[in-house]
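There are structures below to look over.
The same subunit A turns up in both complexes below, where it pairs with subunit B and then with subunit C.
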Partner chain A sequence: MAAVTEDRRGGLGWVERGLFTALPTLALGLVVWKLALLELPLSVSWSWVPALGIDLAFRVDGLSALMLLMITGVGTAVFVYAGGYLAGHPGLRRLYVLLSLFMLAMIGCVTADHLVVLFMFWEATSVLSFLLVGFDHERTDSRKSAQQALMITGTGGLALLGGFIMLGQASGTYVISEIVDVLPSLAATPELTAALVLILIGAFTKSAQFPFHFWLPNAMAAPTPVSAYLHSATMVKLGVYLLARLDPGFGEWPLWEWGLKGAGSITAAWGMVLALRERDLKRILAWSTVATLGTLVTLVGLRGEGATVAVGTLLLAHALYKAPLFFVAGNIDHGTGTRVIDHLGNLRHAMPWTAAAALLAGASMAGMPLSFGYVVKDVILEAKSAGDVFAFAKAANTVFGAVAVAVAGVAAVRVFWRHPGVNETCEAHEGGPALVAPPLLLALAGITLGTFPFFAQELIAGATGAMTPDAEAVAFSLALEFGPALLSLLATFAVGVVVYLLWDPLHARFERAARRVGRIGMAAQFERALSWIPRSAAASTRALQTGRLPAYVALAAGTIVIALAAALVADWPSLYWPSADGWPGGGPVGACALIVFGAVAAVLQRDRLVLLLAAGLVGYGSGLLFLFTGAPDVAYTQFTVETVFVIVVASVLLALNRQHRAAGLAEPLWRPGAFMLAVGFGAAVTALLLVATAGSFDTALSQFFAERSVPDAYGRNVVNVILVDFRALDTLGEITVVLLSLIAAVPLLQALRPARDKGDGA
Partner chain B sequence: MTAVLAATIFATVTAGVYLAMSRDVFRCVIGLALLGAAANLVLFAAGRLVSPLPAVVPVGEILLTDAANPLPQALVLTAIVIGFALVCYSLVLLLRLMRDARTDDALALRYAEPRPDDPVKPPASAADCDVAWPPEDRA
Partner chain C sequence: MRSRVIILEAAAGPLYLLILAASVWVLLRGHNEPGGGFIGGLIAVSASILWAVARGSDAARQRLPLRDPLILGATGVLLAALSGVPALLLGDAYLTHLWATLPLGFTDLKVSTVLLFDLGVYLCVWGALAGYALALLAVDDEAAASGGER
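Moving on to the complex of A and B:
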């Protein structure tokens, strides 16, 4: 049985499973051990990119410690569970590797103390989440969900990067703990406001806040262990974590406070309403997760220590009840083959252990006394009565509480007991210990903390201290209290039970209403926006790629004209133009006249031979001009090249003559549009030249050549010395270009040869 | 002198761009040659025309004084040769193109354009797809 390698069914042997599971277990042990021994906060830092001021800086304070415990604790349960859930699955090793990497990225994220390092791990979680959601990559909906999750969290990641850079520039440091200290003293500049908005977008996409909430339920295409890990306990909490991390710095900003409270409340209420729409147990849980995340964001936005206590408690409680409930949903799927609640009922006989775990976790979710959920309700109630909560948040919280009770009822009671309607249950069976132990243990942990809340006291106090550093010591005690909280809880509970009993009729109502909303909902808008990308790309391609070569030239020329003109216009006031200098002698003027005559004649000629001669006039004119302005070497080169050029073109014309194409194309010589563009191009280039030559002239380089030519290179012709000595490499490059063009031309010319006689071209 | 030179450059650049936008591919190549000549003139003028004397150090002296700026001359010399190679290569391409495509009309060169039945990128207008496809059919 001791199979280290993959067994016949393609799964992993128990040794390898054990080794993988040891990773989070060891991490959990390390976290607990270090936390017990060491004084928080801990910080370490290594220099990474000193030129950019980026250090691998890590810092563990109370909030990080809470997140670390959740990541490694739930991680251990998930690793054990995955081994049982996907036993024999050929992709189990891939899943373990991805989950291990993901855990590493999460640990990096919650311990990073440098914005860039945090962003790096943040992006790693996005990419790994893409790979994990798309684990069943043969299925289309799985790939689509993964793509959607990546698009949204990836876009949010870009916004986050922008926000981080602006925040770092505005506050003068990229170290998070320093930024949080500096921020309250900074004025609300537009840059800082923009940074705030961008960071909010990044955190909201990650934590599935309205209006980016729709990707999370779709991500349920992932295998259950992944959903339990990523989409309940850890990754989606990253956004909340980031907000809580920056809250001491931004807390006083109205935009921050109202952004968090508004988005959080809408998400909480909307998520719960949409949970009623679903029939798939996992999607019901997913929507309630969205709602919980909304509540967390609202709580971060609230002022006062009570709210931060509530954030810490709810973070922990949610991980302890939502992960087991996801495991329960996975067990039901595993045991019966379906997760649709219409086909499930009376499962407690077949799956007693799962039912027990579901009851314990459901009790915590519903906030029953003696569960950790009850402690959370108590704390939240205190936070909201202490802080100034606007009415909508209160209403959202009531909806949230009531529907949470109903969802817990569906997940823990409805599927395991008889209920009105269909109770048909195909052959259900309980999974092995690997499937049962993780949910039971996590749910039991929730109940233990609910009965003895002081166990979590120090942990929550540490997290609270990290979120409200100003407070000397947060005075609170987690204890069992049966005060006004119980009364309000009873009211919520009663509403929840009513919702639970009316689940089916309410579902039918919502389904009808939501079908209408679905067309204008965010998910539909997202799909529309996506389909718009290829369509607009095709349209712009068709608009630009007209298939007319002259139009391409016009497009390039037009772009250059606009760019040059814009540069000239932008600098217009500071430009000065050359003053009129003396009239030159007859030689240069004659040369210029020759050039202009050649250029104009070339435009006006249709006959190819005359066109060629006109172009030759431009070249010879240039040569003459060089001769008269002290550049005889250039002039001789120009004359030589021009002569060879005319010979080459004449032979090309001969070849064209054989093809009966010596005459030019019968196109109109006068094309107004092209003429305007050409004049604009010429004017822009000429203006640029005039402006450039009017400025002062830096002669340092020319002076150097003039001085060093004879002593260093023993040459008196300075131009030649530059070409063959000082800038010899340039000349070598020039020779290479000429040779390369010859090498490229030879095969082209040889292909023309069979046409009887030789001597085409050069 | 500056004004005369600027006017010359203006005329040459304008003529070059105008020819480059022509339908006749031969005129396009000649336009390219004119643009190259204009670019040389721009480069030359940017180095200032300080003296009509060549940049040669007289025998017996060590320093070059009161002569034309040698640096732009060296650059223009290189540019002339490279421009010549470019235009010659364009001419060879042109010959080959005219023989294979049997046309010198730039508007008729549509091999690289989307086919009429392309699902993503149909031609801009129906009149654009009057060219037989694939091009081997025309040879």
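Moving on to the complex of A and C:
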């Protein structure tokens, strides 16, 4: 749909690009300004749905501020980059609009202080992510990846909603900052445990934790700016953010601690292993992102202040090196037309600026000294040795770090310096400034913070304070230290270089093994589960949707009979026939006689047209009955509806007759099944009426309407006054439904039309 | 071609206006006597059906206000929804109806947002049900158009 409305002449002018880019830039300026001026936390709240206790509550503390900086900072880079990357693309405006909405949703998500508000923005990011991953909606794989991402994050969102509601009910408040305070004092009830598990599922799906990890690399079908923004710097960090946000509350729970550590460690290890499998530069980066997210989740699960410091620094460092590396991958794709590393090499001559950005970002990812990545390594090492972890954690840390070094080597060194043998990318060229500046600036920021870590001190301290239960200032200092960290780094680096050099043989080995694993892997299971949906839908359709109208009516009537019988069987002994008080008068009796005559005639008739008229008699008889029992409005409506119905259906029947398609009914007159159904239906409705009339009639409402109609609503026709005044909102809903039913029927009704075109042609 | 019934066609012209006038009368009297937007709208639908039977479904569609049942119905819903807005602006609950009396000299005309609301109901019912009826009656036109050849 959107493609149709887009400007087919292509692209946006630089003015419009600039205007769109001004959005995140302004937001970034606002965040920095507020950070510089104000003491955190800063909170505002507006009443939204007071009846449900839902307020639009927002609160910015240190952790939110860190996320906000990443969202707006990387956002600015992404907006600039998108203008260059998709210059001339007809969908650029759509991309900008979606990215702007996404940024808003992210900002809402990390500042919300109410579970419901947070959930709302959380869902918005899922939906916008779906639209952004499926940006190239003309490609099957991008549609499929978008669907997969939405299925997983959307299901997780449902779990999250359940968890939030249970958490809110258990703790008596939906305000996040209050919940975190209350939680440690609450007993571990089953409800709270269920809430915890559901929230973990929600956070794990969003942050691509095992076993929901597989959607993230597939989401690489998105254009590069989207991957850099959503799938490295911001959205996938939401799960980590939520866990870190709730960690002061749940931190003491063993289930929480071990759930985070377990899922995080498995994800980190698995992500690194799978990174070795890939040949596509973007997918390699995606798996390493999955691994980093795993590390972040593990760090949130670790006890101790060092761990929260590590979460803050790693969040920032990852945004500062992974986003530029995605930009680099995008530049390579843009300049050479491929991202498969086998075809790439020696690009430093053609793309010098991209190579420089890749080197800077890669250095940070590998944790080289003087980069922010080195500071992170240092902090993580301290956290893990301080936290109570297994002995092998250190060794595992070295291996994970080594693969990170190797991935950085592939992305930053191999494609730019290694000679590929044959030159397959002779048309490689550097992109414009919009493509080069964002990765360079972000990577440079990473190096600057690495050389002068105290610049980030305040920011990380604020975030750490927000994640630490006893909100005392955490004593730590980010500084360049060349102590034991350097030693362990050397070991990591050495292993990393070996992995880097052996990338191709390792890849071949993993590929063979993975082919066997692929069939039982999570992605395959997910596909299999999905295929059950259309299969079961097809089975139920075959069973229920026979395409025969009589079968539908029989099914509906039978269901009603069973439902009514089940509900009324308990009242059966108390049912009695109301005593008649005198002769009801000739009018009602005549009307009833008309109804009976029409009904019997309809049953006996074989000709459809006569049958229709007989059924019409039933309608007119009912109208007459309404008229005699003092409901003229209903009677008029019944008459008009009946007339319109009979005329329209008679016209259609006549038309079908002329086409010799409307013969008489083929069924025999005596059909026991239909007879039983009719008698059963009549009995059930009669019983329902008897129950309804047996109870004493509460006249409060009819008295109220009769009394208030003239003084309050200036109308003597009570029925109409109720419709248009007392219950006007209901009526508004009803006429909306009437209109919607027509909108829904339009395609069906239009299907009647082509008959004429064919007829004219014949 | 569709067979023409001259008497019906000739009668349809005045009858159409007469039925519409009746429907408006029913709409206007609805607040105090039996009637109202629903019934008025249904009567208007029957006028459209008369036109469709006499001159064909497309002609009846062309005679509708706004020339499209869907847009007509949507306009009705919009009018009904808008009729609640003035109350909102005055700080009352949505759809709290407002009344005013316009002195015209010979008589006082009572105007209200209720009338706007009921007009919305009227247009919605007319548009939506005429949409159904005219589309179904179009089948008759197709049959008449192709019936002669079979």
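In the analysis below, the second predicted complex is superposed on the first by the 516 of 762 C-alpha atoms of A that agree within 3 Å, B and C clash if a C-alpha of one lies under 4 Å from a C-alpha of the other, contacts with A are read in each partner's own complex, and residues count from 1 in each chain.
Note that in this section a residue touches a chain if its C-beta (ideal position, glycine included) is under 8 Å from a C-beta of that chain, and two chains touch if they have at least 3 such contacts.
Computed from a prediction, not measured in an experiment: that's the story for all the values here.
Visitor: Based on the superposed arrangement, let me know which partner A:V32 touches: subunit B (first), subunit C (second), both, or neither?
Guide: neither
Visitor: With the two complexes superposed on chain A, say which partner A:L732 touches: subunit B (first), subunit C (second), both, or neither.
Guide: second
Visitor: Using the touch definition from the top, say if A:L42 reaches subunit B (first), subunit C (second), both or neither.
Guide: The answer is neither, since A:L42 touches no partner chain.
Visitor: If we overlay the two complexes on their shared chain A, which of subunit B and subunit C does A:L752 touch? Say first, second, both or neither.
Guide: After superposition on chain A, A:L752 lies in contact with both partners, subunit B and subunit C.
Visitor: One more residue to check, A:A713. First (subunit B), second (subunit C), both or neither?
Guide: After superposition on chain A, A:A713 lies in contact with subunit C alone.
Visitor: In the superposed arrangement, does subunit B or subunit C reach more residues of subunit A?
Guide: Counting residues of subunit A touched by each partner, the higher count goes to B.
Visitor: With the two structures laid over each other on chain A, which partner does A:M151 touch: subunit B (first), subunit C (second), both, or neither?
Guide: Neither partner.
Visitor: For A:V652, is the partner it touches subunit B (first), subunit C (second), both, or none of the two (neither)?
Guide: Both: A:V652 reaches subunit B and subunit C.
Visitor: Which of the two partners, first being subunit B and second being subunit C, lies in contact with A:T629: first, second, both, or neither?
Guide: A:T629 sits against subunit B, while subunit C stays out of touch.
Visitor: Once the shared chain is lined up, is A:L723 touching subunit B (first), subunit C (second), both, or neither of them?
Guide: A:L723 contacts both subunit B and subunit C.
Visitor: So which bits of subunit A does subunit B touch that subunit C touches too?
Guide: 632-633, 637, 641, 644, 648-649, 652, 655-656, 659, 716-717, 719, 723, 731, 738, 741-742, 745, 749, 752, 760, 762
Visitor: How about subunit C: which of its residues touch subunit A in the complex?
Guide: 26, 30-39, 42-43, 45-46, 49, 53, 69-70, 73-74, 76-77, 80-81, 84, 94-95, 97, 99, 110, 112, 114, 117-118, 120-121, 124-125, 127-129, 131-133, 135-147, 149-150
Visitor: Could you pull out which subunit A residues touch subunit C in their complex?
Guide: 632-633, 636-637, 640-641, 643-644, 647-649, 651-652, 654-656, 658-660, 713-717, 719-721, 723-725, 728-729, 731-732, 735-736, 738-739, 741-743, 745-746, 749-750, 752-753, 755-756, 759-760, 762
Visitor: Could you please specify the touching residues of subunit A with respect to subunit B in the complex?
Guide: 534, 538, 541-543, 545-550, 553-554, 557, 578, 580-584, 588-589, 592, 595-596, 599-600, 602-603, 608, 611-612, 615, 618-619, 622, 625-626, 628-634, 637-638, 641, 644-645, 648-649, 652, 655-656, 659, 661, 664-665, 667, 671, 674-675, 677-679, 681-683, 685-686, 689-690, 692-693, 697, 699, 701-702, 705-707, 709-711, 716-719, 722-723, 727, 730-731, 734, 737-738, 741-742, 744-745, 748-749, 751-752, 760-762
Visitor: Using the touch definition from the top, list the residues of subunit B that touch subunit A in their complex.
Guide: 1-24, 26-28, 30, 33-34, 37-38, 40-42, 44-49, 51-59, 61-65, 67-71, 73-74, 76-78, 80-82, 84-89, 91-96, 98-99, 104-107, 109-110, 113-114, 120-124, 128
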